[in-house]
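Each of the next two complexes has chain A plus one more chain, namely chain B in the first and chain C in the second.
Up next, the complex of A and B:
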């Protein structure tokens, strides 16, 4: 549909507001992490740093436990993403292709999981994990993160399977391929975008998880980024340079990940939404 | 919704399904179903410090929790929190989705990167807004003064209503792009010829929005309202890290109260009782919302 001059003007204006709302804070955080402390808290923020310093990063990486938190988070988030993709693919295929009693009931039941406040299971999970010696381990966080990412991932995966043309399977069946072989060698490779979408979803939700990580991890050496960084907020007298450097480095991995496969993630979200 | 396929062999399906679903569903049973049952069990015992044993106390925890003011106060704060978030996020998201539904250079990139606020860790959201809203050194105060909205610096977290409002805006900032992307999917399902026909009939943009976009967006909005209610009720970290429920309990939602009861006041039984009541309320609310808001013809 054609837009007149006023329509174009409104569009450009709203785009500018939207960009300012979403991107400006991120830009200011990133650019300010290179500014000298005095410039960081100047009343009118500079768009580009006038002063340039790496002192905040040197302090963050040299004297704080940030590198440890970063490594822990990377390990936990990558493992959680891997396990979630694996389990969601298995379940997604079963719910999409197999016919068995109680399938639709089970499928809906899984989605009910999100109706429960996660705080409900915090106390019982702590007690259970304490009994089997999982407190203060990375594995505990991986289990919890997979649990929270899995229902939504199964839902997305089933939608991705359903979007593949059915002729593929029929052709493979005529060629004598078993269903498992068809799934493994024909369907799964075509689902790479879906797998990327689920991987990023699971990675991001683990990367940002705070509540369980704050309760299930006790020693500082095992701490993940959100909990560790929130500790740094309180630990020093507010050192904005240090915090902004920490914030920038915490955003970086998800932004890189998102730059690579983000479009599949958004496509996955919207495809799921219309089914 | 299920894709039935009469031609496929069904004999092996059951066994294969068990094989494929054993791990994923086994995990969910162990980490969701079992803990929920266990939460009910804990709520019926007089357990103080985590991990200690407590005597069976029937519904004592429930009666103590439900007759104390703290629970009802937190429930009220939670209600304001959920409604405030739903309102702000819906308005922002509808506007953003309408913009992103237009065709312009770079629209594909904008549709992906708008979700940036949603993928960064909450603790980073906390740092960003603590910095920008800080009365000393933050930039929001000077900005609002310079455009004449306020005449002296404001403490965004110092009074109760301001703290809650600030938290709602910050949480909405984080979530509205996600809602916008979902709405965009709904918008793109609306057939373009409807708009063309309306334009031929002389309907302006606002009339087209009211007659076509808004009604046809209702199913998507319903799903998002229910999802959003459950998700925002659950939010804990952003509140905990910014105000810890303060000042004077003004931003103490139910999850914050439950956390404090369990891990600061060491009353596990009480915390479990509150969380069981909260779960029942959430499920009830979800059912009510679906029942009330669902268009009747779609309910068949």
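Up next, the complex of A and C:
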């Protein structure tokens, strides 16, 4: 179907508005992080910086624990994404390829976990983790992040498994491939878009998780970025330059990660939607 | 035989020296909510100096956030991994007393008082139920900050009464400048500014002497109605403000005046930075009141440690912080925000020699003077009502203000609903 001039115009305008909505705040945060303090809080905000300074980045990286928080967040988010992908793929295979008693019940039970507001289970989780010595450890955050990301990831996997014909596995079985070999060499490569989608979802969820990280982590050396950054900013007084520099650096890993696997992520979303 | 002798001597040495550190060092863990890096660094410097002078004690800090500490501390107490010293404010102390059996520090406070002379108003919020539950460390009070230049240009003085305040706000509101910066967020800052207006209209008491609520009274209603009148001259986005936004509005000269604990470091680093142009006054009072009052927070240290050795070590560290030589360094971790709670601390050279305090000395002196008439809701006139904990935690003062200012409800109806909400919260 050919799109007419008015149609193209509407499309371009809509995309421009959408892009502005997404990119403008990022531009303002990023560009303002290079402005002098006086210009940041100026009565008349400047779209393009009239001043240039690296003082906020120097202060952030030189005098605060930001690098430690950054490293902790990277470790926790990467581990959470890895474990979520592994478990969601295995669980997806079990739920959508294997036949066993209570399968539907178990699947629904896992989905129920997704319905619980996290604040409700915050204190019980704290007490349970305290009993087994997990308070103030990265492992505690990985467990929580995986727990919350897994139900949705398994549900996403369902669409991707549904798009794979069973005949492929049957053909592999006829050729003598074991179940593990079939999964590794046939299914996983075909599931790559789904795996990418889940990895990004789990990574971003973990990267931005605040509530559990603020309560389960006690020492400064173990803090993740969202919690650490809120502390750096201060309560009664806000160092806006520091806040903007921290916010700008915080989005970098997500952007880099998305750039690496984003192609598969988009492919995954569209495949899941169409088939 | 020779080998056997050496082995025996080695084993004995290992036993003695291996056991020594475990016997000697008492570890003290502090949780405080002073998270910005420069404050953490200053506290660490003091800790390092203390640890060096006291090799038998090892103090460490774990900065926390006010946002989570209300949930985190009770959970840590339940799990048995609470800190040994916890920084607190009065209403938070009532929350802690509900979840932990605190030991009174009355004797310790008395001992410190004999040496340093506490300002009585800073100890009172922690003295009730036959004990003293925390050791005051620093004070904070809300002040009226203004740009002298803007006032001079408008030909007016800093207001002393409500009618002058309203007239000044009206006159200063022009050319995109807001005459006054007042928040209306459902948040602690709005609790504070609302109460600062209430105390200046004789509505400082939220409770009757028998503990029943008396929030719903004509003076409170008048205060809310006046706040609504003033709010017209505040920034349109003030319904979402916390302290930082108000300070930015002031430092950028978008707001001619604001109510804030301090603006000194932001004004110095991000604003004009000219001390001669920075005005400070007491929060204006209602026309029928004689003098100004304000809201003041006495911040204190609760000793949560149960072990006798840890308690002694914790006391030693707190006593060290209050020594005039170190106290000024402690207070100036955020220059111009934290005020002394002891008489000798108010005179200490370590406080007055801080470069920012030197630069803004008249302003700091005025802050200290304003704090002398400081009050805190639920802790007034030597009486303490622990029921204030949930009222404060749910920001009911601010919630009531939002109804008046944002939703446009009648002040009397909103205050009546506010009292009902307080009764429900404290049941």
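Following the convention adopted for this analysis, the second predicted complex is superposed on the first by the 242 of 275 C-alpha atoms of A that agree within 3 Å, B and C clash if a C-alpha of one lies under 4 Å from a C-alpha of the other, contacts with A are read in each partner's own complex, and residues count from 1 in each chain.
Note that in this section a residue touches a chain if its C-beta (ideal position, glycine included) is under 8 Å from a C-beta of that chain, and two chains touch if they have at least 3 such contacts.
Just so it is clear, the structure is predicted and the values come from calculations on it, not from any experiment.
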> Fit or clash for chain B plus chain C once both are placed on chain A?
Replying inline: clash
> Where does A:220 make contact in the superposed view: on chain B (first), on chain C (second), on both, or on neither?
Replying inline: second
>> Contact-wise, after the overlay, does A:230 reach chain B, chain C, both or neither (first, second, both, neither)?
In response: both
> Does chain B (first) or chain C (second) touch A:114, or do both, or does neither?
Replying inline: first
> Touching A:144 in the superposition: chain B (first), chain C (second), both, neither?
Replying inline: first
> Between chain B (first) and chain C (second), which does A:262 come into contact with in this model arrangement: first, second, both, or neither?
Replying inline: first
> Counting only touches as set out at the top, which of chain B and chain C does A:175 meet: first, second, both, neither?
Replying inline: neither
> Can A:167 be said to touch chain B (first), chain C (second), both, or neither?
Replying inline: neither
>> If we overlay the two complexes on their shared chain A, which of chain B and chain C does A:91 touch? Say first, second, both or neither.
In response: first
>> Is A:127 touching anything from chain B or chain C once the two structures are fitted on A? First, second, both or neither.
In response: both
> Where does chain B run into chain C after the fit on chain A, at 111-119, 147-155, 183-191 or 201-209?
Replying inline: 147-155
> Is there a shared patch on chain A that both chain B and chain C touch, and which residues make it up?
Replying inline: 40-41, 43, 122-123, 126-127, 130, 215, 230, 233, 240
> Which residues of chain C touch chain A in the complex?
Replying inline: 33, 35-38, 40-41, 62-68, 71-72, 74-76, 78-81, 176, 242-245, 247-248, 251-254, 261-262, 265-266, 269-271, 334, 337
> Taking the complex as given, what residues does chain B use to touch chain A?
Replying inline: 1-5, 8, 10, 13-14, 16-17, 20-21, 23-25, 27-28, 31-32, 34-36, 38-39, 42, 50-51, 95-96, 99, 102, 104, 108, 110-117, 119-124, 126-132, 136-139, 142, 173, 177-178, 181-182, 184-186, 188-189, 192, 195-196, 199, 205, 220, 223, 227, 230-231, 233-234, 236-237, 240-241, 254-255, 258-259, 262-263, 268, 271-272, 275-276, 278-279, 282-283, 286
> Quick one: in the complex, what on chain A touches chain B?
Replying inline: 1, 3, 7, 11, 14-15, 18, 21-23, 25-26, 28-29, 40-41, 43-45, 87-88, 90-91, 93-94, 96-101, 103-104, 106, 110, 112-128, 130, 143-144, 146-147, 150-151, 154, 162, 166, 179-180, 200, 204, 207-208, 210-211, 215, 225-226, 229-230, 233, 240, 243-244, 246-247, 250-251, 254-255, 258, 262-263, 266, 269-271, 273-275
> Contact residues on chain A for chain C in the complex?
Replying inline: 37-38, 40-43, 63-65, 122-123, 126-127, 130-131, 135, 214-215, 218-220, 227, 230-241
